[in-house]
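What follows is a set of notes on a single structure, which appears directly below.
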């Protein structure tokens, strides 16, 4: 049991993990990491380690869940038992059920579901290690995995959170800041279309603080979007480069 | 009114390609008066049409396509076939049997069983129904010899080459029969395993280097080199 | 969804909303008529039933005892559960809670928990060992749209209605005395749901409007007018400007509703 620190931000505006108030945690993205999935991606965001596999479009099983005029997107967000401080039971928790739903609702607006009626896409998110902000990181990786599967998209979806610690609105809370802080606002957006597809909040914020948090999170999303696009390009660029040798 | 990319630039889904008096072509879509990419690929424009040649896409059935598939299930009056598409395909018994189909007498699994490979043609397909297959034309039917490999469907045209030049070269140099399913499944049948593997290696190389130039020559060269290597080994 | 809207009806709803009107004559930011009744389940320590239009939600509060969470040894426990009972709608099926009922419970929970509505520090019996556990069970009896706001309202009303027996602690055991005291509450969050239909923001969507909406945003506002929980739902999107507009609407409506209630 660690002691609760008195301040989360010091006098110089530096947080406990050394970051400034508007600084993102280190980020690494890789596309096409799973041999058996139609599309896949892996993300390391701070200490978060999340892998996503996508299957489809393919026939829906069970068939009665399919829809006549559109594709169905299914999403499962699941945390490995060893991903958190106290071992977590492998059975789906209520939090995982809720997150599976909100992540699906964040990704679906990017997919042209009308193009392939009666088919389904399955998105499997496995959190291998968690340190706050997993749903945003999961969305960023899942969107890449869906693109990697060759599924036509309106835009990539990218996620990032902002929050309030020590009366200051900051970007990208990690677990300790989320637990000890005053508010957490996860956001996901399709940047080219200015469309926010995930928005949640817990804590207490004045309307002005909320506005600051949302715009900070959206800016964070745009920075991550550049890295996301690069990761996708990198996978397909190496093929092109090898060939030109 | 501008386009925002250079010829053959690698674009990602959602990337803004053009604005104004343009039409969305392959793998791109229009929102308002802006055209965006739908898939990762190489952007290009012919006159006013903006296209993206997708580097990663899956096969969507079209009537008339020749495909290679695997029988998954034997049903009451036909077979369900996996053609590596979002939908499973159906092959009716009446299409295969050259006489009227009698459910009590005809044992469908004797004709085609789960696990069998077939070359078929998409007889019909629309949004509301799974694709229907037919094997009622010469060259179609059960596959008994050869090796199967998979190629990204978008690369099949490259494997065929201009006026079939690429595929003819491979067939000539390896002496193999090659059937290219539009769904990305390829059947290679040769006189021996080495010939088949040579052809498959050539096809893999085409898939990997599909958007480079001078590929036909390199492939011809590769095949000749490999064949002479084999000759040397034989003579040792 | 087993109650499919015909295309004609969908179009009708959309056209009306474009013109700033709704099928039942409401303005875009008007709530339906609602009633709250309290204390109808005597067996429960607290209860309330909300009728919002034809949507009907009953919440029962039971007070038990149990162990505190390890990281909050000096706080009582609050737990919220929601049941989408099959008789409430042809689209609800019997069985364990599905993602909709889990989401509903967690949204209601978040509003109450983050606003610190329940004075959990006053619910300790033996610090670190025994505390009171407040069970809030949301029972949806009829689904005619906007279960979130109706459930959140009923939950807080039920908490306001909750009476705990007077007690004293003897040797770490709870000894019941005569009389009752209200559950200690210090905040009364109100949740407002705003739906986006044809790019317009609509408050308190009714069931048919829910079937044509692109997305919804629910915001819990506490007594000070601050935001304590937000949940965007449905596979659509909001622009950042629409989010701020919805937040403003939510605050105004919460203040309006608060005036009508005497909490």
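Here the chain labels run A, B and C in written order, and each chain numbers its own residues starting at 1.
Criterion: contacts are C-beta pairs under 8 Å (C-beta built on N, C-alpha and C of every residue); 3 or more make two chains touch, one makes a residue touch a chain.
The model shown is predicted, which means the values in this text are computed figures rather than measured ones.
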Chain contact topology (line, ring, star, complete or other): line
Identifier of the chain whose CA centre is least distant from the whole-structure CA centre: A
Centroid-based (C-alpha) most distant chain relative to chain B: C
Approximate Å spacing (C-alpha centroids) for the pair chain A, chain C: 27
Inter-chain centre distance, chain A versus chain B - centres from mean C-alpha coordinates, in Å: 34
Between chain B and chain C, centroid-to-centroid distance (C-alpha), Å: 54
Multi-chain contact residues (two or more partners), chain A: 190, 193
Chain A-facing residues of chain B, complex: 10, 12-16, 27, 29, 31, 36, 38-40, 54-58, 60, 86-88, 127-128, 208-212
Chain B-facing residues of chain A, complex: 38-39, 56-59, 68, 110, 112, 116-119, 147-156, 190-193, 229, 232-233, 236-237, 239-240, 242-244
Residues of chain C that touch chain A when the two form their complex: 97, 99-100, 102-103, 105-106, 110, 113-115, 217, 222, 225-240, 243-244, 247-248, 251
Interface residues, chain A side, partner chain C - complex: 73, 94-95, 97-98, 100-102, 104-105, 108-109, 185, 190, 193-207, 210-211, 214-215, 218
